[in-house]
Amino acid sequence: MSTTLSSPPNLLAKSTGNVAGRKLKNIVMLTLCIVAAGLAILVLGLVLFFLLSKGFSSLHIRLFTQLPDNIDTSKGGMAQSIFGTLVLLGVSSSIGLPFGILGGIYQIEARGRFASLVRFFTDVLNGIPSIVIGIFAYAAVVVPLAAKAALEHKPTAGFSAYAGGFALGILMIPTVMRTTEEILRLVPFSLREASLGLGATRWRTMWSVVLPAARGGIITGVMLALARIAGETAPLLFTIFGNQLFATHKVAGVSVPTLTAPIDALPLRIYNYSQDVDPNHNAQAWAGAVVLITLILVLSIAARFATRGNMQEEK
Amino acid sequence: MADRAPSVPLITAASPTAPSPAQSVSKSTPKPSSIPPASSLARFGDKIYGAVIFLASLSIFGIILWLFWQLTGASLPSIRHFGLSFVTGSEWDEVSSSYHVLPYIFGTLFSSAIALLLAVPVSIGAAIFLSELAPRWIRTPATFLIELLAAIPSVVYGLWGIFILIPFMKQFIVTPIVGSRLPHLPIIGELFKGQSAGYSMLAAGMILAIMVTPFITAVTRDILRAIPRSQREGSYALGATKWETISQVVIPYAKSGIIGAVILGLGRALGETMAVTMLIGNQPPNTPNGISLSVFQPGYTLASALANKFSEASPGLSTSALVEVGLVLFGVTIVVNGAARLLVFYTAKDVQGGK
Amino acid sequence: MADVTTQKPTSLQDLARAQTSAPTAAKILVENVDFYYSAFHALKSINMVIPDRQVTALIGPSGCGKSTFLRTLNRMNDLIDGTRLTGKITLDGEDLYDKRVDVVDLRKRVGMVFQKPNPFPMSIYDNIAYGPRIHGLTNRKKLNEIVERTLRGSALWEEVKDKLKASAFALSGGQQQRLCIARTLAVEPEVILMDEPCSALDPNSTFRIEQLMEDLKKDYTIVIVTHNMQQAARVSQRTGFFLRGEMKEFGDTDQIFTSPKQKDTEDYVSGKFG
């Protein structure tokens, strides 16, 4: 292992100049990174600032309590839109939750390559633009429903909360599946072992031991999914049509939502009002945007609390 | 694992004074009588359980296949009528029932390109700041801000774009540039030709950039944070500056992940509908073939055309053509996302070498 | 001769005389150094003379501060928030912690090899060329020269000369560590700091690297932190024993291991605790 290390030629000695240049470049580039971050924050600030200032100035309780007033557009509200959004969240949950949670459970219980195939295709589904899902819902729900109601020959036949909920429900599934799977994975295997070791069946183990332990995390996932779809507009264009009135009918004297009739929703109304030339409607669009953001924020924050409470229980 | 001490004592063990044939048999087979034996019913329950959750996971495939089937079915009339010219032709005319989407495909790609051009440097710079430069106390507020930006719905960005961004753009960007030398330069000038009502590719591109930035920033920041400290230390120990370490060691290490993040951001931009629809003008630009290189001209994307024209569509060929637009959009996003995954996969292999 | 282990030396000359039994030059002088991680007092009143072109080993149980101390010699601790150093460390008479010191240049003169090999995600060639390139050398021929010379110097040349473009990750652990040593040599340091360089390696690789140190010390000052006492006894000429942030004893390796002056030192080297 003889080496030629005696008196190394010291090639670097002459070229260690330019330290000043390197330091300058260092400072310049790092400053640019700070500027980039600052730019991002600045833009966020501008969005929030204008949203809040324009929105709050038009915010009024009648937004929640009144229907649109076509005669005097400075009055009136969008109560039916807010109600419609809530109805849609409910309908979509009835699709998104069962498939999402059960699918997530499958990912945990299953072994083998099929599970990874499922995961891959879940990502594919997640990547499909929401407008494409909207067209799908149109073709799959609106058209058949319209055919069934063919006697009515209404141009709005088929547009319904069912269709809108169908589209939004599909959008929910990948998110709920992924978060359910992740949270179930966090439940210590020893818990399952203990249950199975007592001779319990797998479904019993899941139902009585694992799911309760993961409950908070699952709720988090669900709420985050709801927060995401609450703001979706594109699918609604093809599925709910919009409405200036509440779509309800009476069942046993109580008003219940009509799921087969066109309804309105907050994002859709914001979109329509933003395209309107009437400045009163524009102002209401801003107010509606504030309400929508608040709803989303509330869902997101509640989602965090769901996890935190549960984790503390675990400890 | 069944033999636990039963809370109810065995009748036989507790009463030695009354032996009987049945009981003496029980003595030699100590089965706790208060707990019923495992029944095949329970096993059956597990079978149902397995089937149910399996079906739930199958729903993913079911939905995708059903979607593809519905879209293709509904667009068949249009596919048969126009064939390949659907994507190569330029005219979309309700009156003459002539439907072609090349300008829309161009618009989708062009607006997304503008968006990435603006978003990627800012996102990566911000991610570098967050992972390498920012003091500890910035971490939580920054994460909160990023998630806030990401949670704002598209329609709200569109609203902000119409009333805030576009007036700003008209005053501070469009008018100065249009009045300057820029449009008269060769080649580059093409990008800036013509007056603008504000609704334009640039507006759409800018709002897309704003929407995509939080996503790319968050993912890139996570990737950078995951790089082991030893890599940075090795570089510093050789006398490198912070920027040299970041640009020549850290970023190359993260290269495949960053590319993946950017392309996934691209995927989102391609499918983005509301904000784009509200800002891009939804009319063709002033050129014969419906395609203009000028960022100040209005246009369409596949998604915005879909959103915009749906209400005017009459049943028949018109609607069928629109559904085919959706099919094209579906295809484009699948291809881009798939390419993203492959790219990440292959560049990851390069970096790892043999490991 | 002042007894450094029991009383503070009265002057640097005393210190030098005390610690260097052979008349070699002092490369690094450490005077009354205290080091803090925020509120934690990690190093207490360290005094040491590190002789030129010899191997100095730092031994002691886990967590006693020897790695922390090593990192003060090339100011790697600057990278951590809240660290503070009092006292003086000089390299060839220049104070390392002077405000005007260029840390980038310091780290070129004082190189470091880490416990776990950390090659960059580049080819073998680029790993070694990284240092020289950063410091301004772009001439291809000269870079080739440096790559070959340093790879020979770290006994890796024969194994990789045909695959210089291969990824560094394709090498084994021992090879990667030798690559890291070559990488350090490429920037032509005067001092090489080694932080438990063999602890992640197999015995064969360890042996080769120890042989390497024997050669390297002809041209470089080496300071090695090791938790393996036998290794310290094998490779070093001077040894310092650290315990709970203090340097309990420092002297010729032979003396430390055969007739230590302090009870703690004796207990440690005879394996009573570790």
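A, B and C label the chains in the order they appear, each numbered from 1.
Assume contacts are C-beta pairs under 8 Å (C-beta built on N, C-alpha and C of every residue); 3 or more make two chains touch, one makes a residue touch a chain.
What you are looking at is a predicted structure, and each value in this text was computed from that prediction instead of being measured.
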Exercise for the section: Select the chain whose centre, defined as the mean of its C-alpha atoms, is least distant from the mean of all protein C-alpha atoms. Expected result: B
Completion exercise
Ranking A-C and A-B by C-beta pairs in contact puts on top A-B
Practice task
Could you grab the centroid distance between chain B and chain C? Build each centroid from C-alpha atoms only and quote it in angstrom.
Solution key: 49
Handout entry: Separation of chain A from chain C, taking each centre as the mean of its C-alpha atoms, in whole Å
Key = 54
Practice task
Can you check how far apart chain A and chain B are, centre to centre, with Cα atoms defining each centre and the answer in Å?
Solution key: 12
Completion exercise
Within chain C, the set of residues that touch 2 or more other chains is 104-105, 108, 134-135, 187
Practice task
Find every residue in chain B that makes contact with two or more other chains and list them.
Solution key: 241, 244
Exercise for the section: List, in ascending order, every residue of chain A touching at least 2 other chains. Expected result: 22-23
Handout entry: Interfacial residue positions of chain B with respect to chain C in the complex
Key = 135-136, 228, 230-231, 233-241, 244, 248-249, 252-253, 350-355
Problem - chain B to chain A touching residues, read off their complex - result: 1-2, 38, 42-43, 45-46, 48-50, 52-57, 59-61, 63-64, 66-67, 70-71, 73-74, 121-126, 128-130, 132-134, 142, 145, 147-149, 151-160, 162-164, 210, 213-214, 217, 241-244, 247, 264, 267, 270-274, 278, 303, 306-307, 310, 322-323, 326, 329-330, 333-334, 337
Practice task
Note which residues of chain A are touching chain B in the complex, please.
Solution key: 22-23, 25-26, 29-30, 32-37, 39-41, 43-44, 46-48, 50-51, 54, 98-99, 102-103, 105-107, 109-110, 115, 118, 121-125, 127-133, 135-136, 139-140, 170, 173-174, 177, 197-199, 201-204, 206, 227-228, 230-234, 237-238, 267, 270-271, 274-275, 282, 285-286, 289, 292-293, 296-297, 300
Fill in the blank from the handout: Note: in the complex, chain C contacts chain A through residues 102, 104-105, 108, 132, 134-137, 142, 145-146, 149, 152-153, 155, 185, 187-188, 211-212, 215-216, 218-219
Completion exercise
So, in the complex, the side of chain A touching chain C is made of residues 1, 3-13, 15-19, 22-23
